[in-house]
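Once you've had a glance at the structure underneath, I'll fire off some questions.
Read from first to last, the chains carry the letters A, B, C and D; within each, the first residue is number 1.
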Amino acid sequence: MHLIIDTDTAGDDVVSLLLALHTPWVSIVGITINCGNVAFDYQVANALKTIEVAGKAGQVPVYPGARNPLLRPWVNAAYVHGEDGMGEAWYPPVSQTPESEHAVAFLLEASRRYAGDLVIVAQAPLTNLALAVRQDPEFAHRVSHLWVMGGSANAVGNIEPLSEYNFYVDPEAAAIVFQAHFNMTMVGWDVCLESSVLNDADLAEIERLDTPLSRFFLQTQRKTREFNRTQGILGTTHPDSLTMAMALDPTILTKSAPYFVTIETQGLHTRGTSVVDRLGDLGHEPNARVSLQANGTRFKRILMDMLATGSTPIAPPSGGIR
Amino acid sequence: MHLIIDTDTAGDDVVSLLLALHTPWVSIVGITINCGNVAFDYQVANALKTIEVAGKAGQVPVYPGARNPLLRPWVNAAYVHGEDGMGEAWYPPVSQTPESEHAVAFLLEASRRYAGDLVIVAQAPLTNLALAVRQDPEFAHRVSHLWVMGGSANAVGNIEPLSEYNFYVDPEAAAIVFQAHFNMTMVGWDVCLESSVLNDADLAEIERLDTPLSRFFLQTQRKTREFNRTQGILGTTHPDSLTMAMALDPTILTKSAPYFVTIETQGLHTRGTSVVDRLGDLGHEPNARVSLQANGTRFKRILMDMLATGSTPIAPPSGGIR
Amino acid sequence: MHLIIDTDTAGDDVVSLLLALHTPWVSIVGITINCGNVAFDYQVANALKTIEVAGKAGQVPVYPGARNPLLRPWVNAAYVHGEDGMGEAWYPPVSQTPESEHAVAFLLEASRRYAGDLVIVAQAPLTNLALAVRQDPEFAHRVSHLWVMGGSANAVGNIEPLSEYNFYVDPEAAAIVFQAHFNMTMVGWDVCLESSVLNDADLAEIERLDTPLSRFFLQTQRKTREFNRTQGILGTTHPDSLTMAMALDPTILTKSAPYFVTIETQGLHTRGTSVVDRLGDLGHEPNARVSLQANGTRFKRILMDMLATGSTPIAPPSGGIR
Amino acid sequence: MHLIIDTDTAGDDVVSLLLALHTPWVSIVGITINCGNVAFDYQVANALKTIEVAGKAGQVPVYPGARNPLLRPWVNAAYVHGEDGMGEAWYPPVSQTPESEHAVAFLLEASRRYAGDLVIVAQAPLTNLALAVRQDPEFAHRVSHLWVMGGSANAVGNIEPLSEYNFYVDPEAAAIVFQAHFNMTMVGWDVCLESSVLNDADLAEIERLDTPLSRFFLQTQRKTREFNRTQGILGTTHPDSLTMAMALDPTILTKSAPYFVTIETQGLHTRGTSVVDRLGDLGHEPNARVSLQANGTRFKRILMDMLATGSTPIAPPSGGIR
């Protein structure tokens, strides 16, 4: 599987990268960085650091992309993940450096090179993908499948009452991506909240592992865990990792349905809200598969195994990815 | 209890009126009509007809109010309730006629007469109440409790994906009411969908009652039942009646919480969506009690008893209504 | 002529009242107060004071109306007119007190009493009129002519680049009024800026008059004159007075045309902007006569004569007002 | 002067290209095509045809760009320019073909090659430029000067009352460009309407020229002239040409001022309206030089000379372009 990960590397983005990097049959052709969680250059450094921790320094190129949302001022989430996005570990720079090619140019070029055999996991605001779509409408059709962490099947938000962070940060970009006719799956915050939380018992188990990966995990997730407690969530949240796990092992997505989804760009209190037309009120053709339920138990098992052994227990797809 | 019912009388509005009219200790000081479900004059006629069916012709005055939403063109729901709003029974006019005083003038006047001892159940778009608020900001403080059927605690809509009909029809009015500092409870579509549906077995039981009230019920709910089937809801829906039942017997509201609620007036796909700030993201003081769960079994029992016996089994409040 | 003046009495509103009060054949049936320029109670007091200065204490009733815009928080203009709206003269209260009836109830009642023979000059945000319209759609048809000071024929603003203050404060109310099928004339800020400015020479002439009225004029316009200088306008501005002068002497309106006008309620930078469809792009029937040019010389003459003699030189209409 | 022209080639876009192509000291490094006036492929063909007519076939590359606005469905202007954008001349294809490189990639690359010595004249919706800005924020700083035909200094529209076509088609793109800190001049529809109309006498003079260029001019402007008559404009309008003429001969811009300009993206009736803050109400630093007056006589002279002689009478800048 040829995979591109579009990420605002901080907090759970790191874990998601680890999952992909420790699945041997996955070929990560590139990691693209989008403005989001923390200051842009930290995000780039965090992706490079994570590649090094996974023992793949220099083997996976990192392409810096959009430093700002299309239209809106950038809204960060450093209050969630710590200022450096790594639980304030303040890791020193690694030796690998980012590519000079822009993420959007890379996305377009890679989509031609691997046309029909390219999976993208998007776990950040969607600026890079929107720019690629607008520069080449055929881009969407050359991508085999796009997995998007963002929105919610039922308007459960995490930055405003009905709005999830990734879509909130760049609602216009999200709207463009949902209009682009991708073969895509939206993994919303609602499903992630239900099936991707590691609770105190899980985290205690990870502490007992005491491997280099488990220690890296605990360090980088430290601030998120503290923040979650203030929100009434006891544990760490792993929306990006759950999305990645689904992309690698689609059986984790246990329930979904094709719906028409539109992204609110004009609301006063609903900026970036994903409007999922579950009853068909709007009369449009579905444009996305929407996740409704996940196998959280299997997700946790995969994550734990990876942290314990340095390898996810996911078998390569026999017939390939839809 | 002094009660005013603000209604767009059609479908379940009729049942809600029946519940109040058949609870002897309730003094209905007036019924006010707001544009909504069906053509305005049908709504007035339906309220008058229902009063007659309840054997109270001439005893409960009906005040026609706003014939249009504040700002938007009227959007009806005749496709749900039948063109006449009574399951296309086409009842002939009754002898009681509507009052000449406008609903808004009546609301203001009644709020002075019964200041501190007046409950309002609003089961229609909120134009009348918004006009009363804007004409007299003290109006809100003279109402003991306002029960509003509308919106949703979690953005489950019935006319657009995230929008409930009453707030969708006049979002500006709903926004005004939620800013007005009423002592109020919002009963959303989500709770109504969970706890107010009479299924085929329930409806068969009602058929077996074969009383004048049960026959009137079945006739007036006929079209709604047909429409619901097209939406995957097998039975009749009773949002207004559930709200009324809560107002008469607050124990039916089994779970609720005070939240800040704002109504979207600017969205492209979220017109009238109720934004309920369950996590406190917006940092405002609560302005409404929001229903989260209802005792549907007791609701159905009350409704059945009323249809069977002509009287609801609800005891008068000992200490009064909050 | 039966006249109602709807006003946020401060600055030029005072002068406009003086013009009407000093035109003997005008019967002012009431003055209604709308939230606007300065704190609501100052506005009421200013109207009462102006009536007294005109020697009509107790003869013209003043009806307090909407204390807030329909939907938006109130935005004042005390920085223009001084905190008291009278150039910070801090006049003591007069003996006449405001009526207890609400402005909206009065407007509705007066429109019935003088149906077809009632002119309204609206020189404030349009909340009161919008409330009257929504409470009784026939209200608009009972008013002979509505003169509105607000908006602009060509999007020249005075509070935001394209937005005039009165419509900016309550855009939803303005939108309602323009939908209500009044026989109406909009007098925009553009025309007022062109034809209602008293320059330094004019003001010197007024100083030389040294009458009680001229002294009252200079006192109440003092702060506005100071503010205008900061905006590059050398003199005092009289939008409300120009509108009143047109209502009393329609020959002052030298050029106008019927256009479709709509008020922007959803813009981010165009709140309350009057969209005047001068080329017919929108394909709607005209809903207002829009002022394009005024006889500023005659306007000034009328104003000066009134200040000098205590009477405007305007003859009563022979055939009545359109 | 190194020049890039971003165009939706149809009607006056053609004339603007002719002006640049017939100014010998101008080096047109490329023509980029943006969705706008007519079907995209016609626009490409029209640019190629115009190059051929100017005798430069194969010497000026044409780069197809954005086929859709960023967020909105495309709105064409074929009713103005004829379906083919060339007055329905239906010219056969020429031999030169468009480049395979995308306009945005070309813009970015050219901005590096000619950093600090590159003028762009944008005479179409601004999608290409917005995409370039978002892909590389430094792009704006490498462009010496950007001339934009679009908007209006005083909200005079040509597609909606307050909205000019280019900004209306892609308001989000226009908003991005005005946020990008270009050294830029906006040439609005108001100035173009005042100073770029060729009246019947002018057009008769062009007919008398009877050169290949004058015949091409008359053919391609035929439909626009017919359309203008329906709008009360007697003649042909040349907004793009006037902008180009200013770029080539800045003395044609006789009055301008630096203002803060923002583009409305959220309005219901003000889509794409340019909000030019002439009084400084919004308190932001200027972000564009705004044209206020042009030397229409000189503009016409240049145009006529070019049509007559095949060369504009514009001298190269001595000190270069600001």
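Criterion: a contact is a pair of C-beta atoms (placed from the backbone, for glycine too) under 8 Å apart; a residue touches a chain by one contact, two chains touch by 3 or more.
By chain, UniProt protein names: A, B, C, D = Nucleoside hydrolase.
For clarity, every value in this text was computed on a predicted model and none was experimentally measured.
Each step here moves to a touching chain, and the least such steps from chain B to chain D number 2. When the partners of chain C are compared with those of chain D, no chain appears in both lists.
With rounding to the nearest 5, the Cα superposition of chain B on chain C corresponds to a rotation angle of 180 degrees. Taken over every residue number at the interface, the positions common to chain A and chain D amount to over half, indicating a same-residue contact.
Chain centres here are Cα averages; for chain A and chain D they lie 41 Å apart.
Note on chain placement: the centre of chain A and the centre of chain C lie 57 Å apart, centres being C-alpha means. Centre-to-centre separation of chain A and chain B, using mean CA positions: 43 Å. Within chain D, the positions touching two or more other chains are listed as 265-266. Inter-chain contacts, as defined above, occur between A-B, A-D, B-C, C-D. On the chain A side of its complex with chain B, the touching residues are 154-162, 231-232, 262, 264-270, 273, 275-279, 281-282.
Against chain B, the residues of chain C that register as touching in their complex are 66-68, 70-71, 102, 104-105, 127, 130-131, 134-137, 172, 175-176, 265-266.
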